[in-house]
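Supplied in structure tokens, the structure appears directly below.
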Amino acid sequence: MKALLFFVIIPLAAAFLCALAGRRIKYFSDVIVNLSSLILLLLALNVGPLAAAHQVSVYKLAGWMPPFGISLVLDGLSSFMLVVVNLVAFLVMVYAIRYMQEYTDKWKFHALFMLMLAGMNGVVISGDLFNLYIFLEVASIAGYALVAFGVEAEDLEASFKYAIMGSLASIFILMGIGLLYSYTSTLNMADISSVLSEKQPGMLITLVSVLFLTGFGLKTALVPFHSWLPDAHSSAPAPVSATLSGVFIKTVGVYALSRVFFNILGAPPKVLFILMVLGVVSMVVGAVLAIVQDDIKRMFAYSSISQVGYIIFALGIGTPLAILGGLFHLFNHACFKSLLFLNAGAIEYSCGTRSLNKLGGVGAKMPVTGAAGFLGAMSISGIPPFAGFWSKLIIIVASLQAGYFGFALIAVLVSIITLAYYLKFQTFAFLGRLDVAFREIKEVPLSMKFSMVVLAGICVAAGLLLLPEFRNFLKMASDVLLSGAAYKDAVFGAIR
Amino acid sequence: MSLYFLCFVLFCVGLYCVLRKRNIIKIIIGLGIIEYAVNLFIILIGYRTQGRAPILDNKQEILNMVDPLPQAMVLTTIVIGLALTALVVSLAVRIYEKYGTFDITKIRRLKG
Amino acid sequence: MELHIILLFMIFGAIVAVETRDLISSVIALSAVGLGLSLAFLILKAPNLAITQLVVEILCVIILIRGTINKDLPLVRDGRWLFNTIATFLFIACFLVFAFFALKELPNFGEPLMRVSQGYIADGLAKSGAVNLVTAITLNFRGYDALAEAAVLFAGVIGVLAVTRKTGKSHER
Amino acid sequence: MKDNQKGMTLIVKTTTRLLFGLILIYGIYIVLNGHLAPGGGFAGGLIIALSFIQLLLAFGREPTLEKMNINRSLYLSAIGIIAFLVSMSLVLLGSGFAARLIPLCDIAVALMVSAGIFAIFLALILSSEIKEGK
């Protein structure tokens, strides 16, 4: 299982090489970064069958036994997340070849992006709680800097807000880790879980849960803690927003949250209920606020809050079907939200504005962008043949099965609101009369088209993941969450 | 126990500063205070009464040594704190250049 | 006992840092808190950390003072100020009361469980070859952490360099 | 004469001249003895960086910038971290000579930290140039 370590080493090496030679040699950083993200994608696709064969495989770093050393754990959930993260990262990198051309010092962008990717991969494969925290910080700090990459006043403001909220979240998480360490005297996740299972649950675990919920909730931008997300995700350059919204909040937020609560703390029912409520609230608030936005990227950012609400809601229900639906929605959302942000970036690249009131009729001039945007918007708002429909359907059916009729009704209503604001986006941006100012606009360059077309293709085809042949990909991931505290036995079994 | 609680009080002083102050530099200072509190807390939980520093000596028997693992953890978090402080201060300096103020209630170009 | 005094000193310093009007004094009060932390590390038998904390403290103060050339803002108490402050205090009080009861479940001060760490102490030297156990842990047993830590610092360096660029877009395609 | 106008007063400059070497050597000592005594690559690297920062604060930025600009220190920092990455990957992938690599790792970290921190500092003072000019 040495391959796992390369998920961290390759992006780190790429980032450091960019810093070393990116300024001197002109296209060096482009080549290095695209090459390494391609390698990572291939590795991620390769590692999936391995996870299927072994259920759980553990790599002991430098040969130390897990409670003493750090172990990397590959199970269904991490291989699923690896595929999502590296797929989006690769496509975003291809897109950024031309898009980031207009920014100065592109190699800094590349280095920071690779550090962020290393952080996300590190979070996903780590089997050690403190190690997870550090990689979360690697990803976050690179993320704060990337949000401010345009160095305009708005970017800096958004980045500052994000940095303060994000580091507050990290500190809460660190406090939780410290308390858990004192209580269990170990840092390995499986080991913590096995120590906790021998003790009576008390006030301390509640305090730890509160700290983790606040911390990861801030990182995920669940509703009481969401204020930073619309600013940060709309001010960043388009490739960065696509990554932040598409995979970042899911890796450091949803993945870490579910790993901690399901596999370490053993999915306590109270926490699940809170997650469900938070999910529903995020769903509603995000959707309602998205309607009134004029800025395209801001609308998408609020839509992210709403859609992540769906995922958290599904995880909170906690039945097998719901978790499957939640993870499927996570995959879909990663694809269509990054597609939509790239699309907004393409519109901004050609037209120079993101305001819905000023745009109009762009679809005629930019057919590929228009078509991709249409597919993404239809998929996210849950129109039948597309992937988004199936994942929302599963979540709603699961909540009906579990007996939460009210929440299911809200989910349906929110889906309708979602359709409404995406139709607004379609009509105002692509359809209608072409403004005089945009007579001269051209379709975006090839590399940008390529990413959008591939992502649109995935949006259409992702529904096939539910077919029995491909279903295992999702099934393995949801099994890990479902097994709850049995995770420790699987990991200990794999060590021996 | 009382030490742990005092550590939490320090944590809350910093939290109050971050939540309620309007000056960017004050917010950064508040974050620094919170970080100190957490670092101190992690070291406190690893302390052993009458313990020795975790540096081995060939001549002496190893007995009663404080827990070295929290120290390794805090070494890492101090570094993270430094990187974060540097980044946030540079953001603050740039914000001052653009807006001419450190007041977060006036730095409101983004709405919603 | 001396730890209590240092902690009270730190809390006092923190309150001064939070409440004082002058930004430079505030930064200096923060550095006093950091000094207290460094002393506490020494008493808690963590000399590695004491050195690192002291050095980082100096650096943080230098960096912060670079950022605080101007004066502090006057305090404005508008309508919602009182409400927000009371809400914050209530929230913090709840948190502290809750923490007070939760902390009782931790092992007592001075008696850590040390399930894992016992292993490091028992054969750290034999397995890693470093006399300083903290170095042995950071660079050997948990070397992966050190790698990530270096990556964090490097991300900070590149981040600062990226943020302090004069212009973001060059307007040429 | 020109030398006296830049930077701080003569007293500070003289003290800095005397102290600079001592602090630098102390930093190097801490780096090299990281596995025996308290300290290690990180603290030592910071002390080295601080010695240069003191030089910069005392003598003003022009003489320093001639010797060391941001790009050059970033370059050094990148070399340090690549060396660290390579040696650490060797350790993590389980090659036998892990123990012997610890001092090397310390030196690489120290190089990376000192150059990186110096780059941060240079970037910060250069960006506040406009503000002081006002």
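What to note about this one:
As written, the chains take the letters A, B, C and D, and residue 1 is the first residue of each chain.
Definition applied: contacts are C-beta pairs under 8 Å (C-beta built on N, C-alpha and C of every residue); 3 or more make two chains touch, one makes a residue touch a chain.
None of these values were measured; they are calculated from a predicted model.
Here the two chains linked by the largest count of contacting C-beta pairs are B-C. Taking the mean of C-alpha positions as each chain's centre, the chain lying farthest from the centre of chain B is A. With centres set at the average Cα position, the gap from chain C to chain D is 22 Å.
Separating the centre of chain B from that of chain D, both taken as means of CA atoms, is a distance of 23 Å. Computed centre separation for the pair chain A/chain D is 37 angstrom, with centres defined by C-alpha atoms. As a whole-number value, the distance joining the C-alpha centres of chain A and chain B reads 28 Å. Annotation for chain D: residues touching 2 or more other chains are 37-38, 40, 42, 74, 77, 81, 85, 91-92, 98, 120, 123-124, 127-128, 131. Multi-chain contact residues of chain C (touching two or more other chains) are listed as 47-48, 52, 56, 59, 63, 66-67, 99, 103-104, 106-107, 112, 114, 116-117, 120, 131-132, 134, 138, 140, 142-149, 151-161, 163-164.
Those residues of chain A in touch with two or more other chains are numbered 12, 16, 19, 61-62, 130, 134, 137, 141, 144-145, 148, 151-152, 156, 159, 182, 187.
Shown here, the protein chains touch in all possible pairs.
Residues 130, 134, 137, 141, 144-145, 148, 151-154, 156-160, 163-164, 167-168, 170-171, 174-175, 178, 181-182, 187, 230-231, 234-235, 289, 293, 298 of chain A are the ones touching chain B in the complex. Within the complex, the chain A residues that touch chain D are 2, 5, 9, 12-13, 16-17, 19-20, 23, 61-63.
Looking at the complex, you find that chain C touches chain A at residues 98-99, 101-107, 112-117, 119-120, 140-145, 147-149, 151-152, 154-156, 158-163, 165-173.
Chain B contributes residues 1-10, 12-17, 19-23, 25-26, 28-30, 32-33, 36, 39-40, 43-49, 51-57, 62, 65-69, 71-72, 74-76, 78-87, 89-94, 96, 101-103 to its touches with chain C in the complex.
In the complex of the two chains, the chain D residues touching chain C come out as 30, 34-40, 42-43, 46-47, 49-50, 53, 57, 70, 74, 77, 81, 84-85, 88, 91-92, 98-100, 102, 105-106, 109, 112-113, 116-117, 119-121, 123-128, 131-132.
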